[in-house]
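Handing you this structure, nothing more for now.
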Amino acid sequence: ACTSNDTGNDAQVKTGGSGDANAAAGQKVIIGFSAPAADHGWIAAITNNAKAQAAVYSDVELRPVEAGADAAAQRAALSTLIAQKPQVIVMLPHDGKELNATGLEAMKAGIPVVNLDRAFPSAAAYRLQIKGDNYGMGLAAGQYIGEQLKAKGVGSPIIGEIPGIDSLELTQERTKGFNDALAAFGFKVANRRPAEFTADSGQAAATALLQALPKMDALWNHDDDQGIGVLAAIKQANRSEFFMVGGAGSKAAIDAITKDDTVLKATVTYSPSMASSAISLARLIGQGKGMSDLVELQVPKEITLASETITKDNASKYAKLGF
Amino acid sequence: MSESAGSARKILTLTDVVKEFPGVRALDGVHLEVLEGEVHCLLGQNGAGKSTLIKVLAGVHHADSGEILWQGEPFAPASPQAAMRAGIATIYQELDLVDDLSVAENAFLGHEPSRFGFTRRRSAAEQTRFILGKLGHPEIPPGRLIKDLPAAGKQIVSMARALSHNAKLIVMDEPSAVLAHDEVENLFRIIRELTAHGIAVVYISHRLAEIREIGDRVTVLKDGRTTAAGLSARTPTRELVGKMTGRSFEYAFPPRVAPDKESSAPEEKRTPLLTVTNLSRAGEFADISLTVRPGEIVGIAGLVGSGRSELLETIFGARRPDTGTVILNGHRITGVGSAVRHGMGMAPEERKSQALLLDEPVFKNMTLASFAGFARAGFTAARDERAAAQRTADNLELRPRDVDRPVRTLSGGNQQKVVVGRWLLTRENNAGGTRLLLLDEPTRGVDVGARAELYQVIHDLAANGVGVLLVSSEVPEVLGLADRVLVMREGRLIHEALAGEIDEDTVLDLVMAGSLMEGEAA
Amino acid sequence: MIAETALPKAQKYDDNLLRNLGLVGVLVILVIIGIVTRPELYSDPAWVRNNVLIILQQASGIGVVTVGMTFVIIGGGIDLSVGAIIALAGVWATTLATQSYGAAGMIFTALVVGVAVGLVNGVLIAYGKLVPFIATLAMLVSARGLAAQISGKQTQVSANETINSIATTKLLGIPLLVWILALVVAAGWVLLNRTTFGRRTVAVGGNPEAARLAGINVKRHSLLLYVLSGLCCGIGAIMLTSQATSAQAAMANLYELDAIAAAIIGGTLLSGGRGTIIGALFGVLVFSTITNLFAINNLATEVQNMVKGGIIVAAVLLQQFRYRSLTNLLRRRNVSDKP
Amino acid sequence: MIAETALPKAQKYDDNLLRNLGLVGVLVILVIIGIVTRPELYSDPAWVRNNVLIILQQASGIGVVTVGMTFVIIGGGIDLSVGAIIALAGVWATTLATQSYGAAGMIFTALVVGVAVGLVNGVLIAYGKLVPFIATLAMLVSARGLAAQISGKQTQVSANETINSIATTKLLGIPLLVWILALVVAAGWVLLNRTTFGRRTVAVGGNPEAARLAGINVKRHSLLLYVLSGLCCGIGAIMLTSQATSAQAAMANLYELDAIAAAIIGGTLLSGGRGTIIGALFGVLVFSTITNLFAINNLATEVQNMVKGGIIVAAVLLQQFRYRSLTNLLRRRNVSDKP
């Protein structure tokens, strides 16, 4: 859940259908799991999903190790995890490049590594890579904004962008996708104020952005969690002449899109459900099974989730996937 | 010595030197002439510019104008290092040592014996031991950290540092202020040795007796100007004081309004104000019992390091006693808070570290212990405070009399007046006020004139029923000021007498390893 | 007597005043840069007015915290936990349980949490004799941990309209947040300059031993300073929560650095014993104006950062330059006074 | 003669030694907690040996930085830019252009960048008279900005096998990184305790006025201290780059806080004039061991953080406790020496 104000169990789990052979309990698998310290809804959802998915299988034992505040801390944590020899390791690295060496170390020790979200540069460092599509996310947001503006017939629109932590590579990929998509329409970003994935930083960034652009046509905010603050700032500034697109696909954002009472008209997904999938596939890898819908006997090496655009029209479909 | 001075070479000549600080012309045309191998004394009231003058010589300050000739050459040291290289070493008024370095490291700071940047610790230790030996203090270990030495020990190390340079001129700014009687003798012995080797000494002190004993010639400063140069050290006191102050009075104790005789005093004046019973602190003092009655001045004499400061601080509640009690007016003192609440005040020994907020103005320093008393409902009354401080500043002849000036910019002696003034002021303005005043070396660095004023103030306090417990390393001061004298040695009270019934020599005998006390102590 | 004649006038110049003047100069220069680079925005008076209010409003939360921090630093300490206290207070005030007590309950909770954490800091430092840096660093880590625990690492949305409206309300055309800042600054100024508490703070920070020997209860006073800082953080937590209409464990990230920097730029000595509230306010405003300037010029983060460091250095140098040259001016005038 | 009592005979006990003993005690307790909570791991000698090496290895980068930081703090300053210097040096050393010069070129670049940034810090502080806190904070912001600019905000992978192998090489069974740490600590100890540079550092930090009066060029010395810190950061940058086989603008995040905290826990006075290299090393090891303890017990981050604050406080209190009680013991013995 994006906010703890939501109630009920909101983890995204796949409880295998009855006809699914892979769902049947098999050989016991110990899965080591490591993700960065969660100070943010999306990461928190990743960890929650992984735990919840593991709990679904009677034959999976999840050994989560918290990864601390930076890549160095995560390296240290993984060293101790590798020493404990789990069958598979699922990790969401702080930074794929910085933890590449650790991935290699685990693979060398005979432990298959499932990389979540942040790619290792060396292919030998992982057995499976599941990632969201950061570039595609930016592309989708840019596509949506471009189409909408074109439909409205706005000539040279003023477009704002509020990315998350700017020094992260994923932010750069998203921005690149966004710029590329806009360029196809002949549009470009007028102002870009990064936040830090937190609501208060989102509010500060949005306030600055709104002040710099007294008139705006569209806004892309990379992250729905910081979007709470962005929306607050928009309300505080009494602005409504533009529309906004979110990112990631939190429950609150999907709700707001459904209700259609704010400037938020769409959000592009980057779903933490990938963690649930990662656990399922790690189990299969551990048991030496393949994905039952594929002909291949083993799980493939790369899976990239598509970024989808949630609007009022399809929001109901995605409501369950909001985190 | 002064006879030979005529024939000796001039080593240093200052002509019309001017140095200005923001708002003050500290030196306003100084002339000074120092001869090889002489002890040249600088005299002047607090704030006259003595320390500023020697800092100009030492390369700490740069003269705004004027001429300095050093060994016949024009001289304008750009830095302390330059001055030292030229052969001028300085012992500063404020201790300039580094707490966390050892004695040897301090002595050779800035010119450490070294090889390829590595300190040669053994060599430094040996040389330090040698110099300390020459100074008569072989007992100070070169490896001891400075922070573990008492004030007197630090002064010795400052001297050792000055001697560690091969200086042709050694400037000493009030070196005797923190030294006790015997130490001063020792200092003079060293100075004589130095001058015998042709080294010149510029000596600053507020004690005229010392100047007469060690000095060859005297230069007097007043308000940054030389008012008399090259006088003989034997010039009569009256004349010297006249040149310093423009007035003429002597180093004297004002006539004491006779303290009430025990028999004739009213009941409340006979019951002790302060009762200290069996007070001990391990390693500092043991089994001290004493009383102070209202209106009585009790002086404690003793060697440096005999534990007097610690005793005073413990009575004041600033240190926790191992055993014993302190009762003030029927109230047991358990800490500084209760001491101040019940009317005790203390002027501590080390003004900079224990008493002053250097960046704050004079008046806020003076009212540090009493601003709450001036305040109404928690809001301070700065105007009242300033007025009260101004009165005290006038009483003590603070120079300059501007109470808005940061204390940092005052001369050493004037800073001392601020420290003492703090508790005098409390008395004036609080109905309850100070009833017992603890004074630890109150006249350290205070000039002759202001000293007399201070004595008068202390007498007036006593006349108003305030009890005073006084520690001073100057035996004449204790004898002249106090009604009753306590002698302390190695942390124990060994003798008690009425001031009129004991003389200086007896006290000195008692204070030293003296044989007199042997019987009594047992 | 020369000392008397030379003294009076020249001595009246005041470091603090000059420093603050220097900071005003820096602000003016920043605004001029803004005007030059974005004339079309600055040509609209409504925008300019609004911009000033926004700069003030964005400075309000950190400004309040900086007032508390300034007291702590003047008193010889440091409080690295301010950001964490805000996070903990904000998160605690926005749990569903607290929200059920309404706005008053939320405000009360935030203030109590702030004061309580400040109290713990104070006890550790004053009575446990921990170095302030270490004690409040430990508190930083712990309080953020606790905030994460309480919030389940989620962003907690404030559903309370009263709280949320704090950020949108205006009084006499000026945002309520700015009024709160003004009030806290004014109270801080009075407290520091006109009360015994302020005098004790300066004494305790300037020379703790002297303060102790003057009968001031140094320990109790230090403790109170951290409580005061905690209280300011509690107020700040409400302000931030209302602005973001939510709270989370990572909020107010690195506020400690900003607050310390603002205080120091405003003329507070890191070693204690000296400082001004107005200076600290100007320090905060400088930072806030820089951010605004970057935003209206759409500077990229990396350029922004490179330039920001330079501006900070230039600002402080500018202050010093003014100071020194003015001093010299005064000195020269004095000299020429003499015959 | 100073009265005999004025020079209490042997002050055999030594503050620093006691503090360090206290930290060793803390380390022992942490290990015991590890043994108690995870006996199965600790029962395997190979694992234990390896674990010790891992703790040391993880401490190596920050340890080297802490040595430089300790010098700066003893000398009366502070360096908030260490993390940023590492990032800038690391990024600069891993640009494609630099990598084309091979390992030597990369190492050279990292060291030169470190020294150069330290030099700028030093000049600003010693000659520009900027407060160290502000100058190095500005540098922090600027250097990270520059690093982001150079790297294009990308993580730059090191393709140089020699560099990367630094993290994997062992000598006599001990990782090269640990050897480097040992070397830097040893050099730091000698520099501080056995050279004029070190002794003057204590003087400059403890009593700058006295140092100046003793003829020490205080400005130049301060400048050199920041250069030294920059050099340590350059070394640290190589070590971290080799460990991560990459560098980026956000690397070594908040190292400044860790390094300062380690130095202070190790007995260095934040106000300058006192400190020990060995103590700082122990400070780093305590942090590294705590992290390890959390990892082997798999504590959740929020719990980790809550506990960590408590451990830090407890560790420092423990140190003080040992110190006081031992002092009392010694004092009592002295008393009983007297007749």
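Just so it is clear, A, B, C and D label the chains in written order, and each chain counts residues from 1 on its own.
Rule of thumb we're sticking to: a residue touches a chain if its C-beta (ideal position, glycine included) is under 8 Å from a C-beta of that chain, and two chains touch if they have at least 3 such contacts.
All figures in this text were calculated on a predicted structure; none of them were measured in a lab.
More C-beta pairs touch across one of A-D and B-D than the other; that pair is B-D. Chain centres here are Cα means. That of chain A falls 36 Å from that of chain D.
The distance from the centre of chain B to the centre of chain C, each centre being the mean of the chain's C-alpha atoms, comes to 42 Å.
Centroids built from CA atoms put chain B at 73 Å from chain A.
Chain contacts: chain D has residues 144, 148, 153, 249, 301, 304 touching two or more partner chains.
Those residues of chain B in touch with two or more other chains do not exist in this structure.
In chain A, the positions touching at least two other chains are 38, 166-167. Under the contact rule stated at the top, the pairs of chains that touch are A-C, A-D, B-C, B-D, C-D.
The touching residues of chain B, when paired with chain D in their complex, are 58, 60, 79-81, 84, 90, 92, 96-101, 105, 109-112, 114, 117-119, 121, 136-137, 139-141, 144, 148-150, 152-153, 156, 161, 182-183, 282-283, 303-307, 489-491. Touching chain D in their complex are the following residues of chain A: 37-38, 63-73, 75-77, 79-81, 83, 95-101, 121, 165-169, 171-172. Interface of chain D with chain B (complex): residues 1-8, 11, 194-197, 199-200, 202-203, 206-207, 209-217, 273-274, 331-332, 334-335. Partner chain C is touched in their complex by these residues of chain B: 20, 22-25, 28, 47, 223-225, 316, 318, 336-337, 339-341, 346, 348, 353-360, 364, 368-369, 371-372, 375, 378-380, 399-402, 404-405, 422. For chain C in complex with chain A, the residues that touch the partner chain are 41, 44, 47, 50-51, 54, 57-58, 95-96, 148, 151-157, 159, 164, 167-168, 240, 243-253, 291-292, 294-298, 300-302.
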